[in-house]
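Structures given as structure tokens follow.
The following pair of complexes shares a single chain, subunit A, combined with subunit B in the former and subunit C in the latter.
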Partner chain A sequence: MKGETAEKVFLWAGAAGMALFCLGPFLYMFAVSLSRRPDLIGAGGFTLANYAAVLGTPSLHFTDYLLNSLAVSALSAVITVLLASLAAYAITRLEMKGKAAVLFFVLAVSMFPQVSLIGYLFQLMSGLGLINTYAALVAPYVAWILPLSLWILVSYFAQIPRELDRAALIDGCSPLQALFKVILPVALPGVLSTALLCFIFAFNEFIFALILTTDHAARTIPVGIAMFQGLHGEIPWGNIMAASAMTTAPIMALTAVFQRHIVQGLTRGAVKG
Partner chain B sequence: MNISIKNLKKEFFSIRGKVAVLDGVDLEVEEGEFFVLLGPSGCGKSTLLNLIAGLERPTSGEIRYGGTVMAGPGAFTGPRGRNVAMVFQSYALYPHLSVFGNVAFPLRIAKTPAPEIKERVEKAAAMLGITPLLGSKPGELSGGERQRVAIARAVVRRPDVLLFDEPLSNLDAQLRLATRVQLKKLQRELGITSIYVTHDQVEAMTLGDRVAVLKGGRLQQLDTPMGLYERPANRFVAQFIGSPPMNLAEGALEETPEGYAASAGGVRLALLKDPALKAGPAGIGIRPSDIEVSREPAPGALPVRIDSAEPLGRDILLSFSLAGAEFSALTADKDLKEGASAHARLIPEKIHVFY
Partner chain C sequence: MDQRGGVVTGGREAYYFTAPLLLFVFAFIVFPIAGTLFSSFFSDVTFLGRKFVFLANYAHAFSDPGFRQAFGFTLAFIAAAVPLELALGTAFAVILDQALPLRGFWRACVLVPWAIPSAVSARVWELIYNYSYGLANFLALRSGLTAEPVNWTGSAAGAFTALLAADVWKTAPFVALIVLAGLQAVPAELKAQARVDRATTLQVFRLVTLPLLKPVLTVALLFRTIDTLRIFDVVYVLTGGGPGGSTTSVSLYAYKYFAGGDFGYGSAVSMLLFLVSFGLSWLYVRLSRFGGEL
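The block that comes next holds the complex of A and B.
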């Protein structure tokens, strides 16, 4: 009995410690965003003024940044999943030589540190005249997220019995119809969670967005918030935290809703293949 | 639609190197026939079915559908162009579609007008007794129901050829029997040329108008079920068809003034009168039901000692060693017990000789 009680105490203490460690920054963020005096939480009472300021100051471009982020992330996610689905179908279903080589090459590509690419990418995008456009961000994002989505989708597709697409072919489908009418609908939970992962990856990306955008025409929210500046060079913590809170909320909501699928998708990609 | 297959070969490349799964198969499937491909696992029967369906390309050889070359040198038509339907062992129903959606799927792909789809799906559903299930998802159905949906999906488009890939293997014994009877009846009513793959010789015998026995990628024998049973072409067919399997002892035929003496292991088993026989080393085969076992000596009977006696219900399956081989025989005599001495007579007219 005693051992069991001790075990429970440790378990709860451990879980609580872990949760506090992970969620601490978020709690701090919300607390600061609601404080009248950011340097002294709670002193002077709580207020929604920071939120009002962020949303109500046109020169901060908060809504522009947020819309840019949503658009860039959504575009990246859709394009990535579409390409990854076609590639995963070819790798799992079609007769093709060197499938393993393709998968490992793709993995190797994803190992490049972002920083090592950024100088060249800037040159490339300047040369193409794409700096400060959505395209400048979407293209590298797709390349960057594609390997992970490909690996996840390959493991999803590999679990769908081959007889299903053979049945589709017999029933008169072309290979492309078999993919869109049978394989993708059957793998829909996996495809959706992969798309969501891509979205989150793109949404959180910082370095590319920092270098490849110059103003609110394309700048995304993580960079935008980092560039908030108050009058006289002071750092407006209240505004930054309020903006961060508003940015985090939709992602947290999405993650909470699709939590089960995401975990499945991540572990599948990790364990199999 | 009759199907003709000429010198069909299929090779796969694996880690072990080149493997010939089909090594020159020739056969003709007649219009409206229920044709069975029978063989042990790995004999190439499923590969042959996939080649007929157009799911795989042959390495060489030719497949014709009623005179049209579907696969051959420089020509290949995929399953889309063949108007075939297939029923799979795992049913292969589309899990995201309802039963109606599953049955309607081939018609929708063929862009059939919606009212006609509805009418044809309902007709097929009625024929297979799945009308109450049309709104369900495949996940909610039992194995037998799923198989009937798969069959409905196959027949709804009125294919020229119906292919079955071990469709009853996943059903329990009772259901398998009932579905087998239904399937045969359905095929008779529809009159669609059907090719059925199985490893179960009982299924092959009961369903097939004709049965092709395959082993090691080669056709062993093509005959009616009774023809296979009564006139097996070689040792493999002899022992694969029939249950319990045929007894086989390796020995020789010797010409004597009275006829051919069949002997094995130094024991003369029987005297054969057929003039078509010839002397030399031979396998001597006889079915368990063609051996008469009695407790008393009889003319031409050989003394044996019963090693085991297994009651099967109507008959008792005896086993004993004779002429250096294990023999089994069926008897109705309940007093023949394990360890008893008895006399076994091989009915000479029922002996099969394999050179």
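The block that comes next holds the complex of A and C.
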């Protein structure tokens, strides 16, 4: 029995250490963002001055970057899930040669280094006059996150009993109607967690946004925060941490609320079989 | 060919349904790769015009000390980071697998570093490693580990360590989730039987669980290696590749040429990275037995 108590203590200590390791940098970020000076945390009481400065200085474009990120990520997630659903339906339900080839192919493609695309993408988007527009980001984002969402959706769709959509087809539905009226509603939780994952992936993307945008018309928040240097030389750490806090807080809330779905989606995409 | 003739029901639709996905993947991934390969055979610097040089860019890369340094850093970083990520991720997974109260809370904790953009968390790490008032030096001085503040991003060893901590922090959670899925697939009876045979927890883990985790750990190892090979965001923000180019990854090295308008050489460097990555991806696809039950 003694060994069991020791094990319990050890386990709780491990869990606490894990939480501190994972959340520590964020606690520090929030603490600095609420302090008057980055070197004296909490000295002279906490303040929202950094938040007010970031939101109240139009030339920092914080809200522009954040809105760009939200719009680009949401657009990318919706288009990706739509296209991936179509393909996942074909792979799980229809007769087709080379299903496995399609899956393997997109899996391999998703592992390519982004840097081997950016030179061409930059020249392509410049040629089309799309540099610094949402379209320049959404198109490669969709291509980039499609493989993962295809894998996840295939694993969700494969679990739905075939009788369900077969009945719809016999009743005279087209495959497209069967997908939208039967499969998607039944797989809705899976579809939503896939969309959420796509959103997070697009929201986190950095290198495409770095090379394909030039200013606040389309620049996303990761690039905006990476380039945040302040107006007067000295790095305004308090402001940067406030901007980071306002960016991470919504994502943290989403993660906390949907953690079960995220874990399920991620593990389905990564370790199936 | 039968499907095209409509002999098999839904044959034609299957292609229509898959076409949009393939169109995007070809237009924005496969075609750009081909374009990069094409560019890599040219001397192509903005305002200087284009000239076919065939393999000269590649020949230059092999003798370029900057490229060698970037390649060496990337390999050294993989060798240091990936084993740490696997060890820490497995430890997290074991903790998450226990029936602790507040299960959702622990899981959410682990998800957060993964879910936040690297470029954003890298700025937090940048402040943590700040020479005069960062948390790292505060803790190092307070605990008596060092008498002098450490110049984290200004020294080669310090910058490497700083990147290592930031990267492992960000990616160990992903490993934890994969390993957790593997752990939950280990039959409980096996562990219970080992318990009956009076094995300690550590013995159960080493002798029963770990061998069963081998396929999952192999997948995680390969996936993390491929992903670390293309490391960019955290390096760009935290060290900018410095000091003296000592932490410049291959991706960052190629990016700097693209950003400077040298598309020919940037393309050659990124094609070399692509080739290594492609070989590993092929191995990954082969090893992970995906799609077996379709």
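To be clear about the criterion, the second predicted complex is superposed on the first by the 268 of 273 C-alpha atoms of A that agree within 3 Å, B and C clash if a C-alpha of one lies under 4 Å from a C-alpha of the other, contacts with A are read in each partner's own complex, and residues count from 1 in each chain.
What we mean here is this: a residue touches a chain if its C-beta (ideal position, glycine included) is under 8 Å from a C-beta of that chain, and two chains touch if they have at least 3 such contacts.
Every value quoted in this text rests on a predicted model; they were computed, and no experiment measured them.
**Student:** Given the superposition on subunit A, are subunit B and subunit C in a clash or a fit?
**Tutor:** After superposition on subunit A, subunit B vs subunit C: fit, no clash.
**Student:** Tell me which partner A:I170 touches in the superposition: subunit B (first), subunit C (second), both or neither.
**Tutor:** A:I170: touches subunit B, not subunit C.
**Student:** So which one touches more of the residues on subunit A, subunit B or subunit C?
**Tutor:** Touching more of subunit A: C.
**Student:** How wide is the angle at the Cα centre of subunit A, looking out to the Cα centres of subunit B and subunit C, in steps of 10 degrees?
**Tutor:** 100
**Student:** Which of the two partners, first being subunit B and second being subunit C, lies in contact with A:P161: first, second, both, or neither?
**Tutor:** first
**Student:** Name the contact category of A:V186: first (subunit B only), second (subunit C only), both, or neither.
**Tutor:** A:V186 sits against subunit B, while subunit C stays out of touch.
**Student:** One more residue to check, A:P113. First (subunit B), second (subunit C), both or neither?
**Tutor:** Second partner only, subunit C.
**Student:** Which partner does A:M252 reach: the first (subunit B), the second (subunit C), both, or neither?
**Tutor:** In the superposed model, A:M252 contacts subunit C only, not subunit B.
**Student:** So after superposition, what is the minimum Cα distance from subunit B to subunit C, given in Å?
**Tutor:** Between subunit B and subunit C, the shortest C-alpha distance works out to 6 Å.
**Student:** Taking the stated contact definition, name every residue in subunit A that is touched by subunit B in one complex and by subunit C in the other, in rising order.
**Tutor:** Residues common to the subunit A contacts of subunit C and of subunit B are 174, listed in rising order.
**Student:** Which of the residues in subunit A end up touching subunit B in this complex?
**Tutor:** 161, 163-164, 166-174, 177, 181-182, 185-186, 188
**Student:** Within their complex, state which residues of subunit A touch subunit C.
**Tutor:** 3, 7, 11-12, 14-15, 18-19, 21-23, 25-26, 28-29, 32, 38-39, 83-84, 86-87, 89-97, 99-100, 102-109, 111-124, 139-140, 142-144, 146-147, 150-151, 154, 158, 174-176, 200, 203-204, 206-207, 210-211, 221-223, 225-226, 228, 237, 240-241, 244, 247-248, 251-252, 254-256, 259-260, 262-263, 266-267, 270-273
**Student:** Provide the residue numbers of subunit B that touch subunit A in the complex, in ascending order.
**Tutor:** My answer: residues 50, 53, 55, 78-80, 84-86, 88-90, 92, 94-96, 105-106, 109-110, 153, 157, 163.
**Student:** Where on subunit C does subunit A make contact in their complex?
**Tutor:** My answer: residues 3, 8-11, 13-15, 17-18, 20-22, 24-25, 27-33, 35-36, 39, 91-92, 95, 98, 100, 104-113, 115-125, 127-128, 130, 132-133, 135, 169, 173-174, 177-178, 180-182, 200-201, 216, 219, 223, 226-227, 229-230, 232-233, 236-237, 250-251, 254-255, 258-259, 263, 266-267, 270-271, 273-274, 277-278, 280-282, 284-285, 288-294.
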